[in-house]
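Some structures are shown below for you to check.
What follows is subunit A paired twice: with subunit B in the first complex and subunit C in the second.
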Partner chain A sequence: MAPDHTPTPPLVFTPRPSAPPPPSTVGVMGWLRANLFSSVPNTILTFLGAYILYVFLEAIISWALINAVWEAPNRRACLDAVGRSGACWPGVIAWLPNLIYGLYPKDQVWRIDLGALILVLWALPLFLPRVKSKIAIGLTAVLVYPFLVSYLFLGGEKGWIWMVLVAGSLATFFWVWLTAISEMRTGLPFLALLVRTLAGPDPIPERARLVRQLAWAALFVTALVIVSRWQLVEVPTRLWGGLFLTMVISGIGITFSLPAGVMLALGRRSSMPLIRGFCVAFIELFRSVPLITILFMFNTMLPLFLPVGVEVDRLLRAIVAVCLFAAAYMAEIVRGGLQAIPKGQYEAAAAMGLGYWQSTTLIILPQALKIMIPAIVGNFIGLFKDTTLVSIIGLFDMLSMARAVGEDTRWLGLFIEPFFFITMIYFVFCFAMSQYSMNLERRLGGGQRR
Partner chain B sequence: MTTPAIELVGVSKWYGSFQALKEINLSISEGERVVVCGPSGSGKSTMIRCVNQLERHQRGDIRIHGRAFGGGARDDEAIRRETGMVFQSFNLFPHMTVLENCTFALTWVKQMPEEEAKRIALSHLERVRIPEQALKYPLQLSGGQQQRVAIARALCMQPRIMLFDEPTSALDPEMIKEVLDVMVELANTGMTMVVVTHEMGFARQVADRVVFMDQGEVVEQAPPEDFFANPRYDRTRMFLSQIL
Partner chain C sequence: MKLGLTLLAAAAAMVTVSTAAYAQQTLQQVRTRGSLNCQVGLPTPGFYALAANGTWSGLDVDMCRAVAAAIFDDPNRVQYQSVTSAVRFTSLANGESDMLSRTTTWTAVRDTQLGLEFAGVNFYDGQGFLVPRASNITSARQLDGATVCVLTGTTTELNLADYFRANNMTFRAVTNENVNVLVETYLGGGCDAYTNDKSGLASRRAAFPNPNDHVILPETISKEPLGPVVRHGDQNWGDIVRWVLYGMIEAEEMGVTQANLAEMQRSTNPGIRRLLGTEGNIGQGMGLPADFMVRVIRHIGNYGEAYERHVGANTPIGIPRANSLNALWTNGGLMYAMPFR
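Presenting the complex of A and B:
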């Protein structure tokens, strides 16, 4: 028989399906074995660590909860009951309003609560999924809310400028919620909805603009009527204190430092020598000096440079100092982020005809800020804790209030408990910030992780 | 004689004291396809990046359709918009979807309504044969797909000239062809193209002219058949013997 000369057909390659991983590497048992009991030294360390943790927690819990005294007229009574083996909480409870509000008059404290509530309400639409105007709402929360709330906290006589600002701020607050509600119901922003109902689905632009202007005027007049009826007693800033003061200083510092830091970082990378020189000088000056020194300088030296009779509020001086300091640090963080963006991104943007500001705000910053989230939030947390330093220049932040507890004649010497308590408060706030930052990273990273 | 699409007259460029371009003279007419090749460090990338002023030259003139660069930032940006560029490392914007990468400049630079921008973007994504990836993020795509998106993105701005800076050098061998195919199709539509590449097959197939550069100078230029068959300079012969 003649040999077959047709070429042999190619072999067909079919990839095998993946097999399941070996059972000892998955599940709870697999995890325990891999992480806690992988070898003899590791097992010993695991038990040692567990023992230390137990001793530590047991001591804290029995001091803070089990042996603790919850009701007593003064510290003597506490000591008579349990000695030093348990915490004496009544002192902290009695001082709780001061730890939170400082020396703010008791009958005016509702104003602080209301201000905090308005902030929560203002920011709430940002977390509702169906609200679309999030950028506008976020911007107003940062730029407009402060006017309303600073009047609420400060009170006192209001001139007509103040009145207009506060009323405008309140009108914006109405707008935020009207927009949020109408977007959740109909998918349209409030003003667009109003234009459609009043002027028809396809109105002439002039008419649409008129409707918008009238709507704003109506909101403003309503707000003005409300504001003009308020009579708030003036509460000078030297009475502000406690957690409230900490929040005011760090809140302003945080909201100011990010945009200022971005501008400084961009300035430092600018090709214009004057701008670059100023930014470098500013950043290096403020980064090379401890915050405490800056606070002192602003507190004691600023008045020397100002004309006689011009008095800058002590709190304001502290806030300005904190803001400038935080901005300098933020600038270096942002610069790090900007440097991490490959040069190709700038080139691609330029090649498509984008100018400097467009490519910076739309291409570079969104990417840079996203990779800088951990560092930025870390800086915010640091700033929040650094505000304790203002106690040095005579402001009664939470730390000073905690110290004051032990100087009260009824609770003389009670230091550990109030410090333990404010430690917990600081921890709750800072931990919440760090968790939020991780959440933010996960959400923004979706689909584009390298 | 019509105005050339691209004209370089005595263009020189220095990095510090190192001269990267030495009085380059080059004229490319409308609809012409030019392949630029040469060893690394020969100045070919610098040259193509000077054409849209990603790098600024220090002496000489560069004219695009008769308009010279250097008349103020606004004019320069307008002239630059006549060109589109494709990079070696794609340079897609990782924080935007493929579609947003394409519509982005249309809505922000040309201020086009979003619907129209989307329509144009999709038509170009279709042209490079990946409309189905429009809603993915760039880093979810393969290198070849990313480079095709980059081509579509550049085409969206309706440039009259396309510049390619080593478009296939960062690709796995299996993906080079899909990108080259798109470029060949583009060449067949009559687009003016300047391509820096080592893909000599592509040069043979579509180029009207091959330009060989070394040490910041144009050594020789010729239609591909002459260029590959009888290079005149020894330097060219050596280069060709090493890459072919």
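Presenting the complex of A and C:
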């Protein structure tokens, strides 16, 4: 305890700063070492793979881009210029409108573009922030949009029923955007906002209903005036083709197959023998027959049973066939999803006092659909590609159009280039679908829970 | 939705009209519909070619247009149905097509067992072989043991087997249903010879990188009389198609062309007067106006004009007509119309 004892500074442990990792294990070098050159066999395989990739890509790029011909009056000119070493793109360029729109009159294709634009605009609010009525908007996009767009595509004489349906559809479109805008700015749906503005913050229910009805009537009349001024030339479905036709068939097939598949799957698990029997018969019948057979049945056999003079549109027959087929497959996917839901969920729902539809729509389906996303999207992608089969029954989808390029007298024999081109289109669409499904899965977190 | 309404209407009609006369005349149906449903094949140069602007043209398409012209005085009132070979006869039998004009070979089995009626021949073809010049093959007899590229599902495949069997030769077939794939295989050396109807060989060869490196062998191994087909059972409709075709051939024989039609209508030659309906009334028996051939020639021309326009020597297809079976009988060919009287 001597006071003169100067205290030694406390011994504090100061760790030496850790040495940086050896340069060979970090950064690009480290990654390369760990993944590509970790051992002698791996190194050999890496070089082999790189070589194969190089040969492959070099051949494709030099054929498709470097040696390619971009301007020529016919295939003979291409052959004279580069022979077979380069692609002959002018043929594809000349046929590009047909590959995309089929034989649709070229001065009318703006209708297809407009239809696609409306679909994008209709679905856009679903991706905007602060929009709350997403379910209603999504439902109208599926249920109401088709009226507007089918008139746009088909054109022709419109009777008053038809006109009312189209006008209703257009009015709904206005509503979608008014709602989206008002919800983004004020947080209230358009009609609620209107009620509050016109009838005060706490109006009597009758008054509020009147305002809503008047608003709808105003929208409808506006739409009716617009629609009644449209004079669209009729374009029969036999002129539809190309990517447009592929999109129409697969779009309708996809939209129809999911709800129909859910209903069929629920029906198959139902305890009512009649419904169960029908669903089982339907699913098994359509699943045990190839799509091409169904298409043939609908396309060549059906007219035999119809009386003379009755002609059902060829495209309609193909669409119905694709829809029924897709629904049967979807039903089994959905059934798989339903069976993955533990029994406890059903029992818990029943214990809460929920009825069949409540427990199905609120408890079971949301969980089941979430885990089924990969299978459902896989089915959609398959359906999108299966639509090429309609080329066999004489519809000019994108594949038939690509074949027709090589039969055009000016471009005779040109078939690798158009096929290469539509391969790209198919890839873009299928890849986009699969990416979207992965995005959806991540957002909903369906993957991690199980 | 309009499609949906159509389906509903169809279902309703099925119930109410089920007893309607099934044997309703095809001509009447075509008139009611306002257009002719004419079936062609998948686009094929020269016969039913689809251009980038979406129009159909060709020798067989002209047959459709000629019938439409005879009925409506408007060759454009045709709805073309482009169907694969596999379903062509079903699509005719089920009433979807009114006629079929698509290089279909007239054979006994088809004529007698498929409920079809051949309305004549508008092109005589025959199957041949295409080989590389470098192979030094000059006759089909030298093809023993060869690999042959052949279109599947057609008479071509059967003829090939028949020919090799009849000559005690063997072959290996490379089949595909797409001509372009076969041609590509042939050009890539995947087969020693490519076989098809000679008209097809000529047009394909013309599109090769080096057409002169390939030769068409002299042998013709099959008879391929190609012509329009109608359903069995409506004789009158068959007559219309048949006599429109004969009329076009007869017009060529008489020297009636699109250009000199007006002048010919004033002709005193009784044969020409009967053909053009200035004398007699041949059309009446078929339910057509007397001057139905005037309409056909005004819009389409005679057979020779249609031939030269689509497959003749000056087209990319380039099948010379002189000294071929497709020349008029007066020039040593087989094109012979039954007399108009």
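We adopt the following convention: the second predicted complex is superposed on the first by the 405 of 450 C-alpha atoms of A that agree within 3 Å, B and C clash if a C-alpha of one lies under 4 Å from a C-alpha of the other, contacts with A are read in each partner's own complex, and residues count from 1 in each chain.
In the analysis below, contacts are C-beta pairs under 8 Å (C-beta built on N, C-alpha and C of every residue); 3 or more make two chains touch, one makes a residue touch a chain.
What you see is a predicted model; the values in this text were computed from it and never measured.
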item	value
Partner chain in contact with A:Arg268 - subunit B first, subunit C second, else both or neither	neither
Which superposed partner A:Val312 touches (first subunit B, second subunit C, both, neither)	second
Partner chain(s) touched by A:Arg335 [first = subunit B, second = subunit C, both, neither]	neither
Contacts of A:Asn98 with subunit B and subunit C, given as first, second, both or neither	second
If touched residues of subunit A are counted for subunit B and for subunit C, the larger one	C
Which of subunit B and subunit C A:Arg111 touches, first, second, both or neither	neither
Subunit B/subunit C common contact set on subunit A	none
Complex contacts: residues of subunit C adjacent to subunit A	1-3, 6-7, 10, 13-14, 17-18, 20-22, 24, 29, 32, 42-46, 49-54, 79-84, 86-87, 90-91, 93-96, 178-181, 183-184, 203-204, 206-209, 315-317
Footprint of subunit A on subunit B - complex, ascending	52, 54, 73, 77, 80-81, 83-85, 87, 89-95, 104-105, 108-109, 136-140, 153-154, 157
Complex interface listing, subunit A residues touching subunit B	342, 344-345, 347-355, 358, 362-363, 366-367, 370, 447-450
Contacting residues of subunit A [partner subunit C, same complex]	75-76, 79, 83-84, 94-95, 97-98, 103, 105-106, 146-147, 150-151, 154, 162, 165, 236-239, 296, 299-301, 303-316, 319-320, 392-394, 396, 400, 403-404, 406-410, 412-413, 415-416
